[in-house]
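Labels for the chains are A, B, C and D, by order of writing; each one numbers its residues from 1.
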Amino acid sequence: MGQLRVGMVGYAFMGAAHSQAWRTVNHAFDLPLSARMSVVCGRDEDKVAAAAATLGWEGHATDWRAVVERDDIDLVDICTPGDTHREIALAALAAGKHVLCEKPLANSVAEAREMAEAAAQAQTRGVRAMCAFNYRRVPAVALMRQLVADGRIGTIRHVRAVYLQDWIVDPEFPLVWRLRKDVAGSGALGDIGAHIVDLTQYVTGQSITGVSALTETFVKERPLPTAAAGLSAEGNGSSGRGQVTVDDAALFLARLDGGAVATYEATRFATGRKNGLRVELNGSRGSLVFDFERMNELQFYDAALPSAEQGFSRILVTEPDHPYMAAWWPAGHPIGYEHTFTHEMRDLIAAIAAGQDPTPSFADALQVQLVLDAVERSAAASAWVDVEAVLAAV
Amino acid sequence: MGQLRVGMVGYAFMGAAHSQAWRTVNHAFDLPLSARMSVVCGRDEDKVAAAAATLGWEGHATDWRAVVERDDIDLVDICTPGDTHREIALAALAAGKHVLCEKPLANSVAEAREMAEAAAQAQTRGVRAMCAFNYRRVPAVALMRQLVADGRIGTIRHVRAVYLQDWIVDPEFPLVWRLRKDVAGSGALGDIGAHIVDLTQYVTGQSITGVSALTETFVKERPLPTAAAGLSAEGNGSSGRGQVTVDDAALFLARLDGGAVATYEATRFATGRKNGLRVELNGSRGSLVFDFERMNELQFYDAALPSAEQGFSRILVTEPDHPYMAAWWPAGHPIGYEHTFTHEMRDLIAAIAAGQDPTPSFADALQVQLVLDAVERSAAASAWVDVEAVLAAV
Amino acid sequence: MGQLRVGMVGYAFMGAAHSQAWRTVNHAFDLPLSARMSVVCGRDEDKVAAAAATLGWEGHATDWRAVVERDDIDLVDICTPGDTHREIALAALAAGKHVLCEKPLANSVAEAREMAEAAAQAQTRGVRAMCAFNYRRVPAVALMRQLVADGRIGTIRHVRAVYLQDWIVDPEFPLVWRLRKDVAGSGALGDIGAHIVDLTQYVTGQSITGVSALTETFVKERPLPTAAAGLSAEGNGSSGRGQVTVDDAALFLARLDGGAVATYEATRFATGRKNGLRVELNGSRGSLVFDFERMNELQFYDAALPSAEQGFSRILVTEPDHPYMAAWWPAGHPIGYEHTFTHEMRDLIAAIAAGQDPTPSFADALQVQLVLDAVERSAAASAWVDVEAVLAAV
Amino acid sequence: MGQLRVGMVGYAFMGAAHSQAWRTVNHAFDLPLSARMSVVCGRDEDKVAAAAATLGWEGHATDWRAVVERDDIDLVDICTPGDTHREIALAALAAGKHVLCEKPLANSVAEAREMAEAAAQAQTRGVRAMCAFNYRRVPAVALMRQLVADGRIGTIRHVRAVYLQDWIVDPEFPLVWRLRKDVAGSGALGDIGAHIVDLTQYVTGQSITGVSALTETFVKERPLPTAAAGLSAEGNGSSGRGQVTVDDAALFLARLDGGAVATYEATRFATGRKNGLRVELNGSRGSLVFDFERMNELQFYDAALPSAEQGFSRILVTEPDHPYMAAWWPAGHPIGYEHTFTHEMRDLIAAIAAGQDPTPSFADALQVQLVLDAVERSAAASAWVDVEAVLAAV
């Protein structure tokens, strides 16, 4: 069996999740290529060496430019913050490596556009690029898409999407990189809002055409990370605090090109909601509801049933005929968060082996970026803003 | 329109619920007879006078024997503790009054048998008798029965019934009449266990044929009511405590005559469960679940649906084509506990007006009593006990 | 005991609900005044006579002007569509009658302002006016307000409110009065959106200061009622169809004066959601969630508990120490929709007897109207619109 | 770092789950020994070779006796059906290998006793033995045990445990080995009933002292596996059917040595329940509920909270201070079924490295076997049966 030799850049939260998926994918699925965890790359020699040992990579490196040039690497997996995606992805594609890039694709439309163009060119040379919107690979989400595509809920009227977290409710939580615009691009909007934009467009098969938004930063100043750690921050004087430069919460209304209207909300201030990604679709023939905190379930209301028997059914999406589930355990045995990445790697490997383009493509991810951009412009203008078209953008 | 003139004996919890139902029934339902709240009867003149005013009865009385003999009374509604049911019901039936009697029908099989015999005789004279198992009149329960009768869950394999309360978890809760065998007959068994016996037999259409039981009294001694009220109990010496002479909890396994096996549990020690009457049925083609704490909902699992779409659906039983619901509010507007009594009165009035026997009959209630009796004998013997047949009993 | 003699105008859905409440309130609560169901008024003599019999009113009338002038009427209860509220309310207040008026208070800000001014003047003469936002009287909602007021969820960051129904999803559902702007004022916005505007402002103690909105009419033409009933509509030619002149759905973002941001959605196209009034509040110390389809429950997340024990708790709001519940049944016994009206009448009677102003006042209802007005203007302008202040309005 | 070289016998469902755990455990947890997947053993050369490749084992073998004798194996992991456990475990322990054995420990009390004795002797030589009741390692279950141990629910009054599956509801489902007493020992009782016996005793810290049981086989004859596969079964004549020799369902009441009373039910005929392992505990100060279909949640009712705030809280057991969870993802990101095995391997490796005995021990598993034996004897006798003591047994 052929190998797919992977070089991964970044080894924090996403790196750990990807590692578990690369390690598992060929044991769960029968695939024509076998993933090999060749090298992990990071800036700090000691830390990346430790990460390689913990996460199970054969080697480690500190220069990502060298990694993307190595002959014995087939795919570059980008797990770094958004400000470095563009540079690494462009270099990897230029070097003829397949690329898997974490979301959001980039910190700006301009960067994302450049990446999508590069991916389009690389594609002509048989080089594949994919953006890692892992929630598409939740079996319940894939089933949701199938039911919509099969017309089971009819014409979609309403999309109701939230992604609720609460990890920075405490005003003393430090100013980590995800709260800095220069590194993260945006706050809740790009980090988790991007997921519900992609997910709802994926399951409905419709695109957002315009938005009306507001964003808010509830806590405007926070302790610098070192100050929070109890040390005096060098050069920070007496305060040891810095400005939060991203949104804590982003809310927007939207219209989709199939006629649906929508509400979206992404926040890190929803106390008690830990990873509350929820989507509800209401159609002319039925409704569907998904909540990631109960990721093995999908709710389906089928208005074609007799009136007295209609109700939201809780489908336990663990049957062998549910998407991806034949690879796992008997019915009723839940899978977890990391499985979404294993499924992602499965689809990516299958596409590469088949000489096909995996989805979501960089162009798909650019379109998400255009929506996020419209949200920011709408919030700034306090007015409706149309989403720019990808074609115009690319 | 003709009237149905009601005399009610007892005015505590059940009396209040019945009063609200008598007051409401003709405004919610179009019926050939109009209920008239003629007289309420109790032992204490002052208290019953106050109750009449509060609950909305035209008159009050202290001698139930006089009430059952009054020419201007058509129906006697018995809301007293179980130790008085037999005497009042027999007198009322003998006087040619229709009778509605709270459950359990009696405190012993012997009493219940006598009452069932009297009701059978009265029936030949056009006099009707009904036992007030109100939970049959929850719309979701009535729907459950319909779905079973229509074969929607196939052959029933399992019955799983609990009735969980927690109002005497505190060992300092006083020794009220419901904890005294001489008044109440039994504890959790007759008070709430009787409901799940009747309910499961009603919805399945099957009868319990034998049981294996255990009962337990966790707190064996409690403060006497007056002591609990902070007064020294006359003649109770230093302790002011008395023996609990009924079960706190009753658990039993059962077989039903249609081939199902069952578990039953009734307890007043299930901390956090306030009125947790729950029934689950598993059949060869589907399952049904009801929980009174969410009385407007019924869960239905239909195994005839495509495999990937099967799930427990939450039917909101508030549609106009659901049992009883056309009388109430638009879909999605819940009804409450008292409505079960209003429905009970509706069915009773309709049966009387039509010259038909209402259900559950006293014979049905006797059969429940026979099951309770088997439970007590099984618990005492630590062995399986068959339930005596009603025919033999009557 | 003194009486409160009620004349009710209108006898459809709201009239039926109010009737049940007037009939019940003095039997459930101990109050200084006794409600008397004196007269019900409607345009059609036969129909109103029948309604009086069904709903239990002593008399009936066809001229509301005569009713509001009657000496033997103390309170006028307005249950008609919104286009008649102003005229009836002004006449009743002028005649010195207390007024209970269904929501929305009026079909326009101008009307609502006039009514609020009249109510303010009447108040100086001891005449009371109240707008019937009944959901404030759900015990779980009242508990929600208490917990917020007690600081249990800290500073509120997010309000998430939806009111979802599905009764006009079918495009062949006829063009009833609620779909005509001239009678109803607006569609989902005023009918159900008004409820979540009032409810969220009530429980948070904050007012909406500005909104960004969109509205949509999915089905723009519907069969005329007579056509739907199978008759040829006079003068409607071949089509028998008419224009829907109100919104099917209204969505808006909002800011509240306490710093919270909010999403609101009111729709009649959420298939499977029958009466899905849901509100979630996220605060710095906790969260609260209410869903009217499970109206006896309140979810509370208390971030003051130890981290490992935090979770959304399902409080069954049926304890005697919960608002209004001491009047009803033992713990765990649900109440229903109509009880919200009984509680409303209780609070109204108590206020009148005490010589106090009941809430919500007409001024409160005017403020809701100003929010609805801002929503309509924002939707038309595709831009943020500030909510006009009540003081300026009055 | 030292290695723990594993030889696994059996490679079906349990073998696949254990493989994923062995592969993952050292990447998720920091442990003093590193698991090495040395060899997998099965009867069929081709199949076990394929399994080794799929599941990721270095080598394969067909003779388990040779495997347990190999010098380069430190631990034997037994994943075969119950009829082979005793022989393999005894040989492995005699050879000085640590043993992990799937549950139920054996098919009879006699076998289990012999194994427990062997384990006790091996322990004196530093050889460790553990029975694989994996559900103890669900974080929510471990939290449940902690809360009980900390006295948070007080004295336990009630245990309510079910393990509901539905995979043989179809009477045409074939007669697989799990339906044959000679291979599986018993049916639902030993397969899934064993789990709830172990789990409830583990979380309560109490032991079952006696039981009253019934068992049922609803479908007494089934197609032989080959016949079901569409082939004519050699030598089976015209029928192609065989007798089901185990229970489809086992129900029992029990008493525990801490004073609790309990209901247990294990069935493979609960239509719609896929892996419905549920346990509820009611104590004098609170209650706890766990449902494996929502394995990342624990419900806790704390009666020490103010009355108006009490409710069942849904604790999302994904916080870093929850058992095992610091190894995984941020709060709100679910884990799955296989993680229970990874946790099991973690605890086993930690115990071996520390020179301590892992739990549950073979003696613990023998005690479960004694309960199952009492259940079978009670069902046969239709009478209460006391559970034999382990000490007497060993």
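Note that in this section a residue touches a chain if its C-beta (ideal position, glycine included) is under 8 Å from a C-beta of that chain, and two chains touch if they have at least 3 such contacts.
Remember, predicted model here, so these are calculated numbers, not experimental data.
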Fit subunit A to subunit D on CA atoms, both being copies of the same sequence, and give the resulting rotation angle in degrees, nearest 5.
-> 180
Could you work out which chain's C-alpha centre is the most distant one from the centre of subunit A?
-> B
Higher-contact pair (C-beta pairs counted), A-B versus A-C = A-C
The distance between the C-alpha centres of subunit B and subunit C, rounded to whole Å, is 36
Give, as an integer number of Å, the spacing between the C-alpha centres of subunit B and subunit A.
-> 55
Chain-centre distance (mean CA atoms) for subunit A and subunit C, in whole Å, is 41
Residues of subunit B that touch at least two other chains are 273, 310-312, 316
Residue ranges of subunit B touching subunit D (in the complex, touch as defined) = 153, 157-158, 160, 162, 164, 166, 169, 212-214, 216, 218, 249, 251-253, 255, 259, 261-263, 265, 267, 269-273, 282-287, 301, 303, 310-312, 382-384
Which residues of subunit B touch subunit A in their complex?
-> 143, 147, 298-300, 302, 307-316, 319, 321-322
Of all residues in subunit D, which touch subunit A in the complex?
-> 13, 17, 19-20, 23-24, 27, 30, 54-56, 165, 167, 273-276, 292-296, 316, 318, 328-339
